[in-house]
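Here subunit A shows up in two complexes: once beside subunit B, once beside subunit C.
Entry: the complex of A and B
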């Protein structure tokens, strides 16, 4: 797993996605390491739960924790890590992460399988998007498979990087349902599962004058729809007397929000919590009945799944991938317009007041829909598919016309030969194609140079974390299992105890 | 390197375009038949070559939503069943096979694949694929539903195809500005080479400005009259909404009524400055002040008290209900002038101020760049003029307050450094004043003229073109009238050609426009603005 965005950085769901997926993959018997850049006060190698090893590579950080794009400088240390950990598949995350793109390029040069997960949506109109899309096209020209978090995201990525839609899988995010339990839900449902409990007790009915609390947890940015929120709150509060708001999160729009509260004198009905940590999100959510999500663009919207898991009725805007995420009975959709948002919230309040919505069942339903184990399973299938463990027919579907495809090569997997790769890059654009080819050739030369200067055999291998036998009965430890030669040894590591922990990984010599 | 592009690309490329033609032969967006997007075209072609043609490719996606294609596919399907394999293999083995065959092969193959999928699906997959994430579906994760994939994609949704003549007409605005810059540069050269007296330049300039100001004043008056006549019972809120440039109902027409005609044209002729310079600035400051006056139109009272009788003055001078409700500082409501004349008085005052300041600054400006070589000055002023032209607010309507400050500042700076090359204080003063007229006031006038009368706009444009090309001719050849005539003829022809050529070029380029919109774009929030 490679991404610029990993803990200790707080923020969007990418970090937790990487962490959860890695943990579950380890549980399934793979070896996973994470490579990210060094954060303030966090360098070298860290071990997380379950022997998950994190390399914090020193790198210049330019903007919002994304690293400076130096196309080749990452190569020596990357090669060292990859060889040391015996990595077979490189899985990059997030399209704004430069580290991820570089790693994909180098990994292909070194003859590794690559997967890329896209977490965000991009437009096509503004200059920044055009540049980002070009770079994405560069690194995805030669990727083995792409994973997107929603179908909308898939369409977007296919268009942005001119990909074959069949090499793009849709694997949604998930939530740790245990971390998002509603109030009063047993902490350990295994002992007290739905079956043994029998039918759920009827939900606590909501009285006609009981206060309904609407929760908003989002960073207060323009693209999170804070303007809509600011416009809608006074109207919602004016129309519904027994309603109050809890707003958590910070951002540049917070000041506008506060101004609105002061102008309308709503301080007693709107509670501003400021930034909350991800662990505390659940504690905030369970205070409410409705979750309001006015975002203007969203690839997946993990937070609405979390809210539904906490037993909240969700009101959200119909943008991006959001309509795909939750079933109809958990959500009320609104157009991204002030009037419609107010109306939708009104409908949601009315539905709750009439006790038509069984929010108490949401948790169990969400638990059935999204789990990281499922995500890891599906990701594993992708790994198997690209490494050839699954036949092409099984992975990509059967094609009577014969599977001739330079994109994936004849054997159902993408060829590594330089000329094949150059062919793929050449088509990226009149000028860009040639430039990209140049980059690839230079990258190849660097690899040749590195092989001479720091030969493979002089790099000692890291020992594996002494882990327990995987619980999964279907899959044996992949080292012994010849059938899945590459099953996501996304990064292999041997517990390097001596001198490794303090992060002098960098030195390739 | 034979493997790079064999014969296949061309065939596949034709395939793509033939798709398009078939798809778009039906009613289609005006510019849609353009070849596939320039940015992605090479990549797409490449992809088509390199990827299996029987697989859904992005370029299919572009057209997947157009209904005609489905029908076509159905048709194709009829003959598809006959010999799909041959066609496919033919299209693949010798990629240079006829385009129709290749296209058919692709279509056929995709159908066949769909059928295959359907068949295999019947075994373990039940139910149609849904674009939902929360349902556990029996399709693989990389399944691409060919019916709904990229369904919401829109290409060029808000495209407005350009037309030649409107475009040509709009380009006059740019031509006007470029011409006035050229005239200014030629005047400077003339002054520097001592072929033209700076006094002549500035006198003509100022005369023009006076005329322009008088016209402008009249227009404002007429507009106001028309507006008031049209909407007699305008209330405050409506006014706010409408308030454009100097259209704001009279605040205190009641105060203006008693003294109507008291000071008809006194202020108009008030500043009899030497060289008539004083009046040039009033145009300036009123041009600038008037919009600011509107900004404050919240305080307008109902104009229902307005009596049309007072507006009937032929010169449009007195009791003009237009100007600011805020009298200039020091002038109270009970002053002896109508608001309009108060405004004029204020304009005159600021004009006088600017005039004096300029006069005082001229000696300083003269020695401003003594230590710099002329070469640097030429280069710098050249760049500054380019900035002026590039950042000028060509699209601004009449109501724009301080339009394109970067552009104006660049021009004034350029003229300042140019003026510092001149020899005497008078020269410096004249050139700076002239530049203020040309770059500060003239654009305001041009905007209003364009707004008011199209004919006048055209006449002004032609005059400017002729003036610019004539003075260019004289400046370059250092000749007399002959050179000027030659310049006018040549310049006019060239300008006309350039305008036509550029318009045509822009229209031609528009076919490459490929704006892609879809659900991934950030939504534009619709928020009702309330004023509370």
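Entry: the complex of A and C
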């Protein structure tokens, strides 16, 4: 797993996606390491729960925690890590992460299988998008498989990077449903399964004058639709007397939001919580009845799944991948415009007031729909498909006469020979194609140089996390500088017991 | 990184002490290797003496012979003296002095690093890193047993690669003390050493 975006950065969906997926893949018996760049006060190598190893590579950060694009500078250290950890598949995340694109290029040069997961949607029109799309096209020209979080995202990525749709899979995000329980839901559902508990009690009916709380949790950026929210809140509050808002999150638009509150004197009906940590999101959500999600662009929208899991009725804009996420009975959709958002919120309030929505059942339904185990299983299938463990027909389905390009060997699995790779990159554009080819050739030369300068066999192999052996508790130390592999300690302890008095002297040299 | 192979040698000066020495010096066990080593030392000394003689000769020429008593006799009577005097007269001081400095610098360089860890049971450990020249002594650091909080092997970024290191957590210090900080031996060597370290100083590893 490789991405610029990982903890300790306060997470949007990507960080938790990487973490959850890695954890589940480890549970399935794979070895997973995460490579990201160094954050403030966090450089070096760390172990997370379950032996998930994270490399925080020291790099220069330019914008919103993305690293500076220096096409080749990452190669030596990347090669070192890949060799010492005996990596077979490189899985990059997020299209704005330069680390991920570089890693995919280098991994292909080194002859590894690559997967890329796209988490976001992009436009085609403005200059920044054009540049980003070109970069994406560069790194995805030679990738083995692409995973998108929704079908809309898949369509977007296929168009942006001119990919063969068959090599793009859709695997949605998931939520840890246990972390997003509604109020009063038993912590351990096993004891209170439907059989022992009997049918669910009827929902707590909402009185006609009871206050309905609308929750908004989002980073307050333009693309999250904060402007829409600012326009809609006064109108919603004017139309519905017993309604109040809870808004959590921070960002550049927070000041506009506060100005709006002061202008309309709505401080008593709108509560601003400021930034909340991901663990606290549930506690905020369960205070409300409706979750309002005014985003202007969203590839998946994990947060609305979390809201539904907490038993909230969801009002959201019909943009991006959002319509795919939740079934009809959990959501009210609006067009991404002020009038329709107000109307949709009105419909949602009316539906709740008439008690037509069984929000108390949402949690169980969401739990059935989304789980990280399922995501990991499907990702594992992609890994098997690209590494050849699954046959072509099984993985891609049968497509007689499917137009595989001449540069491919087995359909969908990209050959590693340099000339094939160059053919694929050359198709990127009149000038870009030649530039990309040049980059690939330079990358290859760097690899040749590195093989001489730091020979493969001189690189120390890292120890795997000891999975099978039960480890004594308390071995993993929480101190800042002492996140050491328990394996080293285990060795030390064991020989401390049996080799204490015999005094053998063995020179390992 | 072009690594010279690192060797580990273990000595036991007394029943309660063990010294682990890690070195990238070429091995000198055979007779010819030892002979070459001593011949090199003699050559180094001769080179240093002649370089110094050239410097003194040039100095006397530049400053005037009267100021250095006895120099005149030295440079006229001995063969080394006349040789260095000849070189000194041929080149200007702008060439001679930097050249002499460079030669002396090259001569005193050891060309290898030796780092060691001395474990004294019940007392503590002493780390030492050999200096890069013959003139200065090794940098050592003694850590008493009751100051050691923990010893671990971990990985870190070093240059363009990831290396294993053995480190000692010292009570009341923010940074850990890295043992063998320059040579950074391979994981196998460190683990082997770590296990033996524990066996040698069981008292240390029981400190909370």
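Going forward, the second predicted complex is superposed on the first by the 455 of 509 C-alpha atoms of A that agree within 3 Å, B and C clash if a C-alpha of one lies under 4 Å from a C-alpha of the other, contacts with A are read in each partner's own complex, and residues count from 1 in each chain.
One rule holds for everything that comes next: a residue touches a chain if its C-beta (ideal position, glycine included) is under 8 Å from a C-beta of that chain, and two chains touch if they have at least 3 such contacts.
All values derive from a computational prediction rather than experimental measurement.
Novice: Tell me which of subunit B and subunit C touches more residues of subunit A.
Specialist: Tallying touched residues of subunit A, the top partner is B.
Novice: Report for A:57: first if it touches subunit B alone, second if subunit C alone, otherwise both or neither.
Specialist: In the superposition, A:57 contacts subunit C only.
Novice: A:296 contacts which: subunit B (first), subunit C (second), both, neither?
Specialist: first
Novice: Taking the superposition on A as described, I'd like to know which of subunit B and subunit C A:370 touches: first, second, both or neither.
Specialist: First partner only.
Novice: Thinking of the overlay built on chain A, is A:381 touched by subunit B (first), by subunit C (second), by both, or by neither?
Specialist: First partner only, subunit B.
Novice: State whether A:169 touches subunit B only (first), subunit C only (second), both chains, or neither.
Specialist: A:169 sits against subunit B, while subunit C stays out of touch.
Novice: Taking the superposition on A as described, I'd like to know which of subunit B and subunit C A:266 touches: first, second, both or neither.
Specialist: Once the two structures are laid over each other on A, A:266 reaches no partner at all.
Novice: Counting only touches as set out at the top, which of subunit B and subunit C does A:419 meet: first, second, both, neither?
Specialist: first
Novice: Could you tell me if A:276 is touching subunit B, subunit C, both of them or neither one (first, second, both, neither)?
Specialist: In the superposed model, A:276 contacts neither subunit B nor subunit C.
Novice: Can A:121 be said to touch subunit B (first), subunit C (second), both, or neither?
Specialist: After superposition on chain A, A:121 lies in contact with subunit B alone.
Novice: Help me check something: in the complex, which residues belonging to subunit B touch subunit A?
Specialist: Residue list for subunit B touching subunit A: 1, 3-4, 39-40, 42-47, 49-58, 61, 84-85, 88-89, 92, 109, 112-113, 116-117, 120, 131-134, 136, 140-144, 149-150, 152-153, 515-528, 532.
Novice: Show me the residue ranges of subunit A that touch subunit B in the complex, using the header's touch definition.
Specialist: My answer: residues 121-125, 130, 137, 145, 147, 150-153, 155-156, 158-159, 162-172, 223, 225, 227-228, 231, 263, 296-297, 299-300, 317, 319-321, 324-327, 335-339, 369-370, 378, 381-382, 395-407, 419, 422-424, 426-430, 433.
Novice: Going by the contact rule at the top, pick out the subunit C residues touching subunit A in the complex.
Specialist: Going through subunit C, the ones touching subunit A are 1-3, 7-10, 12, 150-157, 160-164, 167, 169, 175-176, 186-192, 194-199, 202, 205.
Novice: Under the stated contact criterion, what part of subunit A meets subunit C in this complex?
Specialist: So the residues of subunit A touching subunit C come out as 43-45, 55, 57-58, 76-77, 80-81, 84, 453-454, 458-463, 477, 479, 481-485, 488-489, 491-496, 499-500, 503, 505-509.
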